[in-house]
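Order of writing sets the chain letters: A, B, C and D. Residues in each chain are counted from 1.
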């Protein structure tokens, strides 16, 4: 009986068999022919490849690639479009290096990746390729951001720094000068809020992500505290000044200066609120400026910028961002890659790039270049910001350290821990982390 | 053609599961040996060992004098018909028939010749391009037999080939098989639990139980002269009456009646009496006999159609009443007092301990 | 005779069997045994950016670090919570769906097809879809809740620890309930219908027959489903990676995400190996418990 | 056969239904199941056809006011999406075929040939099905590094084959065990050796099972994320799930939902088709693999 049932089953499915054979054959043919097509027959001129976030690709292609290839006929520059999020780009570069034979010759690096990539031994040491003189044309913090343990691995191509945006119109209306300290900022905010001019005083990025670490570096600096000393690997997060810094951020929420949602905000969340005219101050990056001043923006022409401020008795500092180029150790074309870096960081292409994309330049002279200033009148002001920029700790385990900080900072900001508890935990874990590498290396 | 010999075969799966303990048999050309026994008696295992599908733990299998004990099934030149027929469902009847021959690299024209011949005998001519799923049960059975026949093997094995057919068809096919067997000369080993098949088809029957051959004999001897109590009870329907009776001198005591024992060197303290229900002789009212007369009362009548199976209670002043079953022509038997005798030539006597027949007749 | 035993039929089959197994075993050893074994070995070393990615023997240091690592234990807790909640919800829902699909009704095959669809689709893509559904601005989840008047203003689903967890659970329940209902459906179909009829003759209600017949007879499938789902949920990666990336603030960071970050982002290989080992051992413990449960259940029902 | 789903044999016999509260509730449940399973997919499909204004309209626009294929066009023009589809297909098909080629004989051996250590192997295989990919990642990465497999299809084909092997072996084994033993015995008597029997008798007979298993394997391979994310960094070689998850927009802080929805639809269509055509086989395979194991 069982057999009969089985036979029946086979037979009812028999249609499947014949068609299946047909399908399988087709499929195999398809696979074979496709495999033949893929076999890469690329014996073309030297191609340099680099990966970057999707939004960066069009301006790069329009300006940099065009200019470079025009000047260097034997070399092609290929920009690979990655995802939007920069941390995903970092992961992609990391995976590529880990796998060996990285497909990328040039590395377009965020400032915080440099120590990691350098420490892992994935970057070509460029120290001897560039003289002091050559480097002196760049903003000093940008060059610093390309170094790891005093060796140069990255040439800055684009700068970026946190800054304080304020509503010039409202401050004037209320009779205030731009604040010099956090205390003033708080006072002005409260006043403007009380007068009903704005709903919120101060906007910053408090979500648990890298942006919060960047923001916090500025506050730390503003309170005279530090995170990790890159030379001694000393951790300063549990020092009183650092705890003060956390308490300051907590207080902005408690006192209603910053919206409660600030602990979940990233750049765009804060910009939207600021741009809709609902806030007096915003801590953000240069990209906000053109958007805030765009046609149709409610705050068009009403915004001022300044370097990040500090607490009473301290100088503030802006967190340095920005991008630069390094060379992969596994590249087959190191000479061409170096040539490309020299070209791309040189005056003419960078100028054109800045004009096209509105990015902040890394070369000092471009901030005051008449053509650029004619288009971006606020660049001389940016220069001040960039010069005052501070680095996030250039340590190899920065990503890990940053995640530890973000975690506990967020815990403190969302009141799951007190500022003291959070910073003590963060300091302890950071020390453990740095210990695991250091003791055994020496 | 080749004689098949099994020498002291034993199959031990685990120390507790020993389906075949020690079996020796031989089948000559033209013989049909039936392995008969209840399920679990080891008959299928013996067949599978002959085929090479199981491997004996001990013992030897010879075909035509050649030791094939450890040869692969395919190298033994045997053919087998399976209970489920085991036709390849994805092949046509024709392909099923010639699969084995092709593997043996038999030339195509020879294959066709043999298939034509066999299909003619079995009436498969119109079915050649069908697949097993499109065949009736009887047709499948014939294809299975055909597949075995075309191989012209040294030994022909059949594992309960009729058990999946309905009763009516079974009788037809049984007759067909009988013809086919007699038409060819290879030794045939036929496994069944159906005694009718065993009786009708075989030249020799081996009754198996418990891993041993209980009796190896011609079919009629198996029925008429069971070698032991097991064979007596297994063969024949309705089952033989088997009564354990105490002895008194040269008599066995059936209730209050005395039955004379056969001639024995030393009369045992007790004995098993066997009498088939159809052999119980009912005494007519006026009939007289010199045999011991038994009396009993009918307490149950089962109508078997042609006959009635009547259960008779025989009084026993020593202990529990004894029950005998008799096969009698239809009548109103219920609650009647019956007088009957047990014909001595049809009465069997067995040793209580060993179950062996006390007297071997041939 | 015994001298030639090596070449007996059975021995030949066994040998052929072994040959047939060898390629599969080789692949399995390469892809499963080596990495796991390697992790055990590597967990005794520091190999990270601090050591220039060279392994330096560190004894049980990495395990020491794990014990003091708040993030690991948080991720562990997140994973456990996620696993328990999803498995329970999926079992309940899956049972309901299986019971419905086990009835005869018009269009049942179509519904069955639909009911296994979520399971078959790529988790990463589905996660993108759910991210969109739970978008704080344009997400349909908010829109529906608003229209129903259940909430007054839009929820930033993926921005809040609690709601992000809820969103993940919803997405996972949606994705894997079909798997459980398939397993349970198969179990239901192997329960002979006359059992119900016999029980119904004794005057049992539908609930009683579910509780007294269906549930006990379905127990093996339930345990197997739990075991499978437990292992899968405990190793969940793609859904969380795509939907929240572990955020906000590590509130949804599951163990596999942390391990992945430690290895692939922090390049802290010794440490991640130690975490792999700990997770592996925990899984084994769970499997052993489940196996014992199953065998005990089976031996009990056999008696 | 007992655990495979046969829609003709029902646990509960069909009864003529009258409109009662019970039947109404029952149909409500059916509708709920359908909505529960389909709604998220439908929403994604609708989104993919909406113009950007509709996508970001508040309150939500449910049905597109204007159908557009822009997102699909963008998908295939801005990025090598055809390549992704091709990569996914190639990796899935090759690993599926390899898996069946290796797994089916192994399953047969376990089911019928009683090889030495078969029980241990079987237990090991069962255990392995429970390992999440993350546990293997680091070790596999080393292998990939050692053999320079990074950014090669092989770096995915090998793990996919291996990861699907346990399921393949378990499912195929249970199918082989259901195969009437007499057939194989008959084949042996006919003179087939083990390999011939596998190729000429067993495999053709269990072709439906191979299809079933192959479909499951294909689905797993197509959907795999973590290895594809790690072992392939080159854009041209990415598979659909990873490539879709990494679709970037035009601004750093904006997520391009239209193209993502379109990518989701494109990436799931093959699987939806598979499920539509092979629903029965999938259910059968899953139950055979899990319950019988």
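Here is the rule we go by: a residue touches a chain if its C-beta (ideal position, glycine included) is under 8 Å from a C-beta of that chain, and two chains touch if they have at least 3 such contacts.
Values in this document were obtained by computation on a predicted structure and should not be read as measured data.
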| item | value |
| --- | --- |
| Minimum number of chain-to-chain touching steps separating chain C from chain D | 1 |
| Pair of chains joined by the greatest number of C-beta pairs in contact | C-D |
| Furthest chain, CA centroid comparison against chain A | B |
| Whole-Å gap separating chain A and chain D, where each centre is the average of the chain's CA atoms | 37 |
| Centre distance in Å when chain A and chain B are each reduced to the mean of their C-alpha atoms | 90 |
| Rounded Å distance, chain B centre to chain C centre (Cα mean) | 57 |
| Multi-partner residues of chain B (each touching 2 or more other chains) | 52, 72, 84-85, 89-90 |
| Residues of chain D whose C-beta touches two or more other chains | 141, 180, 182, 204-205, 229-230, 245 |
| Chain C: positions in contact with at least two other chains | 10, 264 |
| Interface residues, chain C side, partner chain B - complex | 1, 4, 7-10, 12 |
| In the complex, chain A residues that touch chain C | 90-91, 94-95, 98, 116, 119-121, 207-209, 261, 264, 396-397, 399-400, 403-404, 406-407, 410-411, 414, 425, 428-429, 432, 434, 436-438, 440-441 |
| Chain C residues touching chain A - in the complex, by the definition given at the top | 46, 48-53, 56, 58, 61, 65, 68-71, 156, 159-160, 247-250, 261-262, 264-268, 271 |
| Chain B - residues contacting chain D, complex | 48, 51-53, 72-75, 78-80, 82-90, 99-100, 103-104, 147 |
| Residue ranges of chain B in contact with chain C within the complex | 52, 55, 58, 60, 69-72 |
